[in-house]
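Letters are used for the chains, namely A, B, C and D, taken in the order the chains are written, and counting of residues starts over at 1 for each.
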């Protein structure tokens, strides 16, 4: 049975990775299972300088989902490369660095720094955080701005470049096309939907940042639809599917819709071993259905 | 205690209405409680000609939500006016006709027919059904097309005109502004998010229409965020909030975010008396917090 | 009388690994259900003042298996999430119901013969017919003896059990035995009307259409006998009250709603979907 | 040893209308918790092969109240949806846990006096201290006698109970009585170190900062005595393992994570948020 897949030239031992921001820098979960079991570890979004993120409260549970407004808190690329990467590299898995900038120049600088670090296997460009201001959001929602940032980052790195798309757009296929035309080797989708919750007793938002990103099972139908739409128009672009994947069955839905790999996000919080259950469940599904190679069912949904 | 609100000049005895398509033509629920208790009944989306809708299966339950691809099945405006309206009118509530067309001409024709019917208190223009094709979707997602359909319908009716916005857009405030500029008296938001689910055993979509509209508690954070965003930029436009309202607490969140009225949708399926519980709960909240007039807390969230 | 009520679980008995009998006591006056009608069953309202839980979200349809001493009996097969919750309900749990819903099986005329056909859990949808028509013949097909719950039924005049593996009754397909039975009736007795009222898996519904539809059914008219077959069908439901328009089936008269126009349809009207 | 394990409910006793004691038996080897540490507690995995339910979604943090004979004791207040589920758990239910988590209360040095302060359900976070330091003094403030669970505690050397309504112990605010007590100590005895380890509602944490913070605290240094106060604080949590960065509190050293750097913080570090 073959679970190996290739994303933008990068071979993964299986199609299951962690979604950025839900698995820390990987090491937080090293005590729960052997990280070498994973297809890839995608780390928390990094920036050139450390960032302290938004004031608390930062999370709120909604019906079958959660809102977060972490605000891209991170230790900065230099500290990541110095303190985390050497330890993370010891695991036999791929390391994908999710990163962002506050300006195009910062995006480019971050990409260049990560490009030079030993042990980063691919970059995931985050243009889709709902906790930033409207100007920043343009990176993920305005095709012209998206094209520019992707093209500039593309020049700054020779690593496989994954662009992570925002779902908060009218036409996800347009954004996908723009990113690919500008040089993305693969696409991740989806990031969180922008949401809000209000405490009716204090009549204040539940999050200090007012709005936050909605993740978890609640968003799965939207994520799956977007992935399927993008796969339909860009069948040869490797897609990494995410958004509400809690079980192997969810992962298989994404693969059938066209994802060559999947990322497990919020589910890690619910169960630190969620990724292992997803990998195991995919294997069971394959043997139950006599599927020799996982690649055989990518995009296999019959519509 | 005053629960009366005014939406586009239309006085409602309380701010609670039913969401189109989740309450039939109203009469389906008349056996469950006295419809006169409602602020308004919004009926299933109507078109000039009867429409048979999509093939089954049409619904699928998701985590804290449901997908539907009814496809705007309806009996047509003439049958509605002849068979349903006379009965519905006997209740002491407002009747809001949700309607759509396949072309702008049909939208206009529908508006004109409903305008002339006795007993319709307001129109709700549905440009935001996720079960129609891409060309149709432009009514709800392309500002230029939206402006045109709203302007043309505006000319065809003197009734209060509510435009129901699609959440499947990059910038809900832009669509809101366009609709208001083109003549909308009030806005309803949100309609369903476009979603999908796959049966991994049959490797086919769960819905015959492949994609469908996601409703229910899962989407509430997105709906609330959009309502709040629109209220911020258009504070004087009456907004009808909907999307995942299951309880009075949910309704109050929308009111605090800026809704002058709310619509209960999927919750009607879960409990046919959901609207009554929402009304009762709003009253309890008001007396608990010494709120004399519901209008006093519209948009009252402190950010 | 409104058709929405709360009901308390009075007993919940596991009949086999995968099937349980849930008995509910309505907490207000309710209508008497007719054979073939069903209820939308959902969880109670949760803790007053607390946000309720919404997974699972919708109510689910279940046929009334029996109505006795004011108690509603449901025979339920463990399928997914909500049936799992129901299967674990302890006595005293309060559930929310809507019903009775649907058109029920049509009355059987004097002089007409009634053959009731059940496939597996389909027995739940036809069992009440056995109370209304004690003279009826029951064809009851199961996979194996484990799925057979004859002791849960009202007394049956004539019972034909078939099982796929031969572990109970005759081995084989229940409709094959039905076919032979009808063949023997029409050969040996004078003509008349036979009513076949059935509920079972989708493949059984399809087969019944092929056998008994007035257009193309090979057994609908033979030897002076007319066979009129009605089937209770399933479709996913959200509301149960003809409001969501979700539960459509294709019929020769266009789309029809299982919750309003059904769940019982004549085989003459149904258009089985090729699978 | 991994800190993730399943545990079976061995008993679940209602202590009052709003509080229950949940006792869990871990189903694999676990680490011994220290006073002040906590666990993320979530529902079991549901039915194998069936889609599980995701409302509520996240695990919730609960302090270990006691660890005894291999059993984990949690004293839990009914707050919302998940605590309602836990309150109804019957023996045999399997839950999923992560823990022990967090930094625990610092060790009390030889010769130092320990005063433990609990406000309401905060007792659950400090109770284990009473086992480790049988000589400690406990100040236990509740609203009324109904909220007082002294019989659930290890033996206490010196107990001061206060209640808002005077129905148990002294009437009044627990911190006022603590203040008087400390005043009497520092007046009547030779100097030294007093450790105050506390857990209670947010307002209590704030007040403790005002009383004992080395900058501005009016009681942190008096008459040759030093009072060092540590508080266990609450914040919403998703992961419990420093991965989500959700559980931040503001400290003089910037944002810190309750699940990693806490839940116990020195009052010198906390920056109470004006409310």
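Rule of thumb we're sticking to: a residue touches a chain if its C-beta (ideal position, glycine included) is under 8 Å from a C-beta of that chain, and two chains touch if they have at least 3 such contacts.
In this text, all values refer to a predicted model and were calculated from it rather than measured experimentally.
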Query raised in the report: Which chains contact both chain B and chain D?
Result: A, C
Query raised in the report: Based on CA centres, what chain would you say lies at the far end from chain A?
Result: C
Query raised in the report: So which one's got more C-beta contacts, A-D or A-C?
Result: A-D
Query - Between chain A and chain D, centroid-to-centroid distance (C-alpha), Å - result: 36
Query raised in the report: For chain C and chain D, what's the span in angstrom between their mean Cα positions?
Result: 55
Query - Mean-CA-position distance for chain B and chain A (Å) - result: 33
Requested in this report: Provide the C-alpha centroid distance between chain A and chain C, rounded to the nearest whole angstrom.
Outcome: 47
Query raised in the report: Considering chain C alone, which of its residues make contact with at least two other chains?
Result: 51-52, 54-56
Query raised in the report: Which residues does chain B have that touch at least 2 chains other than itself?
Result: 63-65, 216-217, 249
Query raised in the report: Can the chain contact pattern be summarised as a line, a ring, a star, a complete graph, or none of these (other)?
Result: complete
Query raised in the report: Given the complex with chain A, which residues does chain D contribute to the contact?
Result: 2-4, 42, 45, 51-52, 54-59, 96, 98, 235-250, 254-255
Query raised in the report: Mind pulling up the chain C residues that touch chain A in the complex?
Result: 54-55
Report task. Enumerate the contact residues on chain B facing chain C in the complex. Result -> 21-24, 28-29, 31-33, 44, 52-53, 55-61, 63-66, 68, 70, 73, 216-217, 246-247, 249, 266, 268-273
Query raised in the report: Contact residues on chain B for chain D in the complex?
Result: 63-64, 217
Report summary line: Within their complex, chain A touches chain B through residues 62-65, 67, 141, 168-171, 193-198, 200, 203-205, 210-211, 214, 216-222, 224-225, 228, 244, 249, 252-253, 256-257, 285, 297, 300-303
